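Reading through the structure tokens given below for one structure.
Order as written gives the chain letters A, B, C and D; numbering starts at 1 within each chain.
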Amino acid sequence: MLRYLTAGESHGQGLIGILDGFPAGVKILVEYINKNLVRRQVGYGRGSRMLIENDKAEILSGVRWGRSLGSPICLLIKNRDWHNWEKGLSALPEHEGSISSVTRPRPGHADLAGLIKYGHNDIRNILERASARETAIRVGIGAVCKLLLKEFNIEIISHVIEIGGVGINRMRLKLDEIHTKAEASVLRCVDKSIEKKMIKRIDSAKREGDSLGGVFEIIVTNPPIGLGSHTQWDRKINARLSNAIMSIQAIKGVEIGVGFEAARRFGSDVHDEIFYDKRDKRFYRKTNNSGGFEGGMTNGEDIIIRAAMKPIPTLMKPLNSVDAFTKKPFKASVERSDVCAVPAAGVVGEAVVAFEIANAMIEKFGGDSLSEMKRNYNGYMKYVRGI
Amino acid sequence: MLRYLTAGESHGQGLIGILDGFPAGVKILVEYINKNLVRRQVGYGRGSRMLIENDKAEILSGVRWGRSLGSPICLLIKNRDWHNWEKGLSALPEHEGSISSVTRPRPGHADLAGLIKYGHNDIRNILERASARETAIRVGIGAVCKLLLKEFNIEIISHVIEIGGVGINRMRLKLDEIHTKAEASVLRCVDKSIEKKMIKRIDSAKREGDSLGGVFEIIVTNPPIGLGSHTQWDRKINARLSNAIMSIQAIKGVEIGVGFEAARRFGSDVHDEIFYDKRDKRFYRKTNNSGGFEGGMTNGEDIIIRAAMKPIPTLMKPLNSVDAFTKKPFKASVERSDVCAVPAAGVVGEAVVAFEIANAMIEKFGGDSLSEMKRNYNGYMKYVRGI
Amino acid sequence: MLRYLTAGESHGQGLIGILDGFPAGVKILVEYINKNLVRRQVGYGRGSRMLIENDKAEILSGVRWGRSLGSPICLLIKNRDWHNWEKGLSALPEHEGSISSVTRPRPGHADLAGLIKYGHNDIRNILERASARETAIRVGIGAVCKLLLKEFNIEIISHVIEIGGVGINRMRLKLDEIHTKAEASVLRCVDKSIEKKMIKRIDSAKREGDSLGGVFEIIVTNPPIGLGSHTQWDRKINARLSNAIMSIQAIKGVEIGVGFEAARRFGSDVHDEIFYDKRDKRFYRKTNNSGGFEGGMTNGEDIIIRAAMKPIPTLMKPLNSVDAFTKKPFKASVERSDVCAVPAAGVVGEAVVAFEIANAMIEKFGGDSLSEMKRNYNGYMKYVRGI
Amino acid sequence: MLRYLTAGESHGQGLIGILDGFPAGVKILVEYINKNLVRRQVGYGRGSRMLIENDKAEILSGVRWGRSLGSPICLLIKNRDWHNWEKGLSALPEHEGSISSVTRPRPGHADLAGLIKYGHNDIRNILERASARETAIRVGIGAVCKLLLKEFNIEIISHVIEIGGVGINRMRLKLDEIHTKAEASVLRCVDKSIEKKMIKRIDSAKREGDSLGGVFEIIVTNPPIGLGSHTQWDRKINARLSNAIMSIQAIKGVEIGVGFEAARRFGSDVHDEIFYDKRDKRFYRKTNNSGGFEGGMTNGEDIIIRAAMKPIPTLMKPLNSVDAFTKKPFKASVERSDVCAVPAAGVVGEAVVAFEIANAMIEKFGGDSLSEMKRNYNGYMKYVRGI
């Protein structure tokens, strides 16, 4: 069993993650982790804090001389502007009151529910942890998981397919094309002409002081058949992935394969017929409407998941709210902020999906060392081809 | 912590569920459980097995004299046609071979992935457990959870909003209207004229030997503010609910609040402004685009979740497939089957949501006895009103 | 991950267990399960209820034609005297009051703490579930796990080494000798002359209306090196085993290897020196003071665990107590009861240890099917010998 | 649910712990945490590394201005001699080979089992994580938990009752006396004359190049009645505590209440009779043989747990072993090391017990904020007194 916990406030000392149960012997390069952190930070429509941050991870444990040890891997991403917050977010009682408290909850944020639930009198005690800044460390953890998956030739790709209602047509692109084009685009969009329209839409939202959401897609290539299980409600890997995706800040919808479209078609137009390739000795499909899952298990086809992200709730355009204590109405607004963060959310999506797939791989193949996993994996693949 | 496991094969002796961690002192009537089982079985478009089944639950443990004991609650739903399968699904080795094995996997089912994963040579060993028949016991477990929630005036409603592309317009109905109309409809659809169109669509699919999916909506009324948490990725209750919904057989998409629509609107048109009602001493919203969640927590508004169900994969119309062992192509088809089971899936959706909300209530308010939960709940509600 | 839940009251309809995550393809014979149930029931010093019970398990799911399916295995042990309790423990409200309530808590039982915790007004609502009768279903679950372990030549043995202060001298017996002698003894004691003294002690306790506890030992033969892990506090398998043993009713102490004796010796007399057998290509020890664990992992030597059971708390000899509601003092006593149940507890110990070891095996070697587990296990053993 | 993970190697950058699910509003002072860290480091018989370390915790998250936030609390204890190991334990591949590998496994350590399990070729990759140094961060985590418990007047005390066979007589000391005397003793022993004998024994072991273990006792004062549960095997809090204690490096036995002695006495001499104190409106016992548990629940009496620690396995006196790869025999020994660490282990015991009790408190009373917990706790205590 692989598991992780994260800790850290948005403007605190840093973000920390512990990944426990990771097999020994996997090549772990901090450069690769950092590359992923950067991928989360870029994207047209981001505000200026992204530039300040320029995240770098430190590996505090679990890796030695470039290889995982089997012991818990701890990552730390220091916050670069901690010096500005040292008193305001200090753990020490002597700094109490060094910055003013926040009592005005913003619509669309954890502010009000969190304040009440945890019995605080300062919304800062909620917003610092609820912030999507936390996803940086999840991207770090996910990068480590990706390095494991790469050993099994499993890649995880994300691209943006819709922003503010502007969407791409489904093109038949090969996976590495999708990856290359997404990486080259400021919006992680594979269609240059659509990207332009998206940019326009973002610019116009920005002028209005408004924000936009969108839809991203995650593709997992080359999963083995039989991850997850049909046998118990909480062993279904499509459900676990849905949980992972929905745990990302601002996600309001998840689709697998054709998703909601499946509700509109006939059965004969949804279920993927089964064929057998004698040369490669494998079952395959000509369509992939299922998005890679049947019965809560991977069926050997690529995994396809889409997620809808709501617009960023911090707007320049004011929204009505009331002070949590005085109950006086006020207009919630900010000076400047991100307008759109869908490309970043896609990168976070890759990370949380990587974790779940890595966990399922470890569950199926045992996870003490990479060489053991590979031995077990190869034995299984040989069996699969021999059926 | 509330948890449950289910067991049982589709044509085995029966379905069994154990619900562990349920508080003591809650009124549990088997009639209420059975009423829910019936609700899962009806619906226009179901095949004839539903009539055979007519499920009844037995409470094997955890309830005495109509009240929960605090000990694990075990439900058993016997399969009425077990006598036809006594040898075919017998646990005893002497019955080996009493029915022929299944080697031809059906597209859209767990058949092929399960066969390979578990190393079987008979697909029956998979399909018996993967069948949506298993959801009957989940409805039973969910009914028990609903009885707890009713004590806190929390109701869970489902209705069908789309079948095979025919959808209702969002009407502004009150919740009890939705409930009453849905209960009165053969498709759990609140709009009579749309229901007619849906029925036509089902009839036409039936004539074609095809099947249909659709979309159902779950509404949870009156949740307290502050269930779930923003503090850790796996504590977010919207994500847990997404996991629960996606664990239902044939679900391919989940939306919360406006869902995918959120990806198309401006932020100013998505985030629910905050108001305060001085008389009732509560914060409230005039819109509920968030579907009742902010920051992974309930925000006190009704919970709104939608799910897309794919068409039933067992079709009279043949689909291409290959034998798992000979690899010979064949046409997968059945003589008759359900054409559409979306209303039933909605009832299952109620059940799995009831479990998650009950679990979150127990987590927040402690769960040893109903009187303790109520004392803690009332203390919290008083505090909330006093903020 | 293997897991199980049990349900059922002592005089209810029966005891139910669901074992989830068990691999497919393992031979499961109900006779073997029943043989283990009987082993739990016999033993000198037991009362007469044991004879009434004569437990038999029914396999309700997860096994077909003598082989596990990979789906959840549900066992049911019906209570033979349910007809006497049908109203007294009925789930239906109409039977309320059909037997009188219990308000007088017995020392040494869950009675008082449970009554208060769960807010009951009838101790029967606690004692029915807290009873050691529940261990019958755990023995059933454990028997299934043993069948998996046997496939890897792992056997689990228990014997009684002390009763009421009468203990055996540590003899150097071979494992199958211990097993054979224990099975042949009414007290599961390998030393005939000590057995006699134990019987005398039990007889004398019986005459006094008193009860006795004792110490049993569990031995697990042939575990592979490397189950469990040193990497995180809750992955240590010695700790998990301690949890399992201590979860058995009436257990007050657990020892591993030399146990408390380790606290009295010099280090040089405790740590097991390491040798290598070139012919068998394996590391081995000449002593086994560690009881088979180093660093929270199995080290390849036999696992040795001992547990101390307190005397049965239901005595003919009266103990002082007070009525939970009137607070009036009374003398707690019974007409007749078990005097000593240590041999039975040893059999329960085998079961809970079997579960933990099976779980650890599945974790290390993957658990979808027996053939997959064996392939992975054999690959590992080959690697171990090749180091 | 409260949970924690730790990370970090013995000579790595530091030790990290994340405590997740801790309620908001609890006073957290780093000084208190550090005081506990120091308590783990002192004790007669420790080697010189203890002096080098002088551990200090940094609170990286979850606490602001001296109060917990409800978000994950992350502690970091930096290793003071990291500069000596920066290359040897570096995460970077370029430092590979900068110190020589260890291939000679020490008896009594995780060395051999870990090396094989994780497929390493350098034992350092195991011993760095398996080291009892990891317990420092657990003491930090436990200190935070203690601060929560103090709010409910629950204190956790440890003292050493036996070292190398020299044990104290059970004296009837009051709890604060035990605490005061233990804190004042270099061996955490409440009996000055016995302490002298223990010191002699340690000195003599040291001269022999040998090591010693012992027995410590943990006392938890003032737990409410009804923590844990009898209803399911893994909800029993005595079992969870046993798991926690056994997860401490070098522990080989756990006892609750009279423990193994219970196996030697008559039932009438073990079970604690029940009385009622009308003035204080509480049930009480005159004896506490049960150690505070009946039926897997706290019964309101003090919790008493004892643990046996084996002697430290790193000896100056050589032990036989073989090289893991060449298989050549060698004599395992060190130049100097701790001779005895039982007092430290007791402090670790306090920490892991504090975590489990805090977890059980949160489970029973809800855990979002201290004020909510107190409100629920007070409501329960009032109910208990009113029975």
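Assume a residue touches a chain if its C-beta (ideal position, glycine included) is under 8 Å from a C-beta of that chain, and two chains touch if they have at least 3 such contacts.
Since the structure is predicted, the reported quantities are computational estimates derived from the model, not experimental observations.
With every chain reduced to the mean of its CA atoms, the largest distance from chain D is reached by B.
Over half of the residue numbers found at the chain B and chain C interface occur in both copies, marking it as a same-residue contact.
Centre-to-centre separation of chain B and chain D, using mean CA positions: 44 Å. Between the CA-based centres of chain A and chain D the separation comes to 37 Å, rounded to the whole angstrom. With centres taken as mean Cα positions, chain B sits 26 Å from chain A. Among the residues of chain A, those touching two or more other chains are numbered 5-6, 20, 70-72, 117-119, 129, 226, 229, 231-232, 368, 371-372, 383.
Taken in their complex, chain A has these residues touching chain C: 1, 20-21, 70-72, 226, 229, 231-232, 235, 363-366, 368, 371-372, 375-376, 379-380, 383.
Across the complex, chain C meets chain B through its residues 3, 5-9, 12-14, 16, 18, 20, 24-25, 27-30, 59-67, 69-74, 89-93, 95-97, 117-120, 125, 128-129, 368-372. Note for the complex: chain B touches chain A at residues 5-6, 105, 107-114, 116-117, 119, 126, 129-130, 138, 162-165, 205, 208, 210-215, 225-226, 229-234, 236, 238-240, 242-247, 249, 252-268, 270-276, 278, 283, 290-291, 294-300, 308-313, 315, 317, 319-322, 324-325, 327, 329, 352, 383-384, 387.
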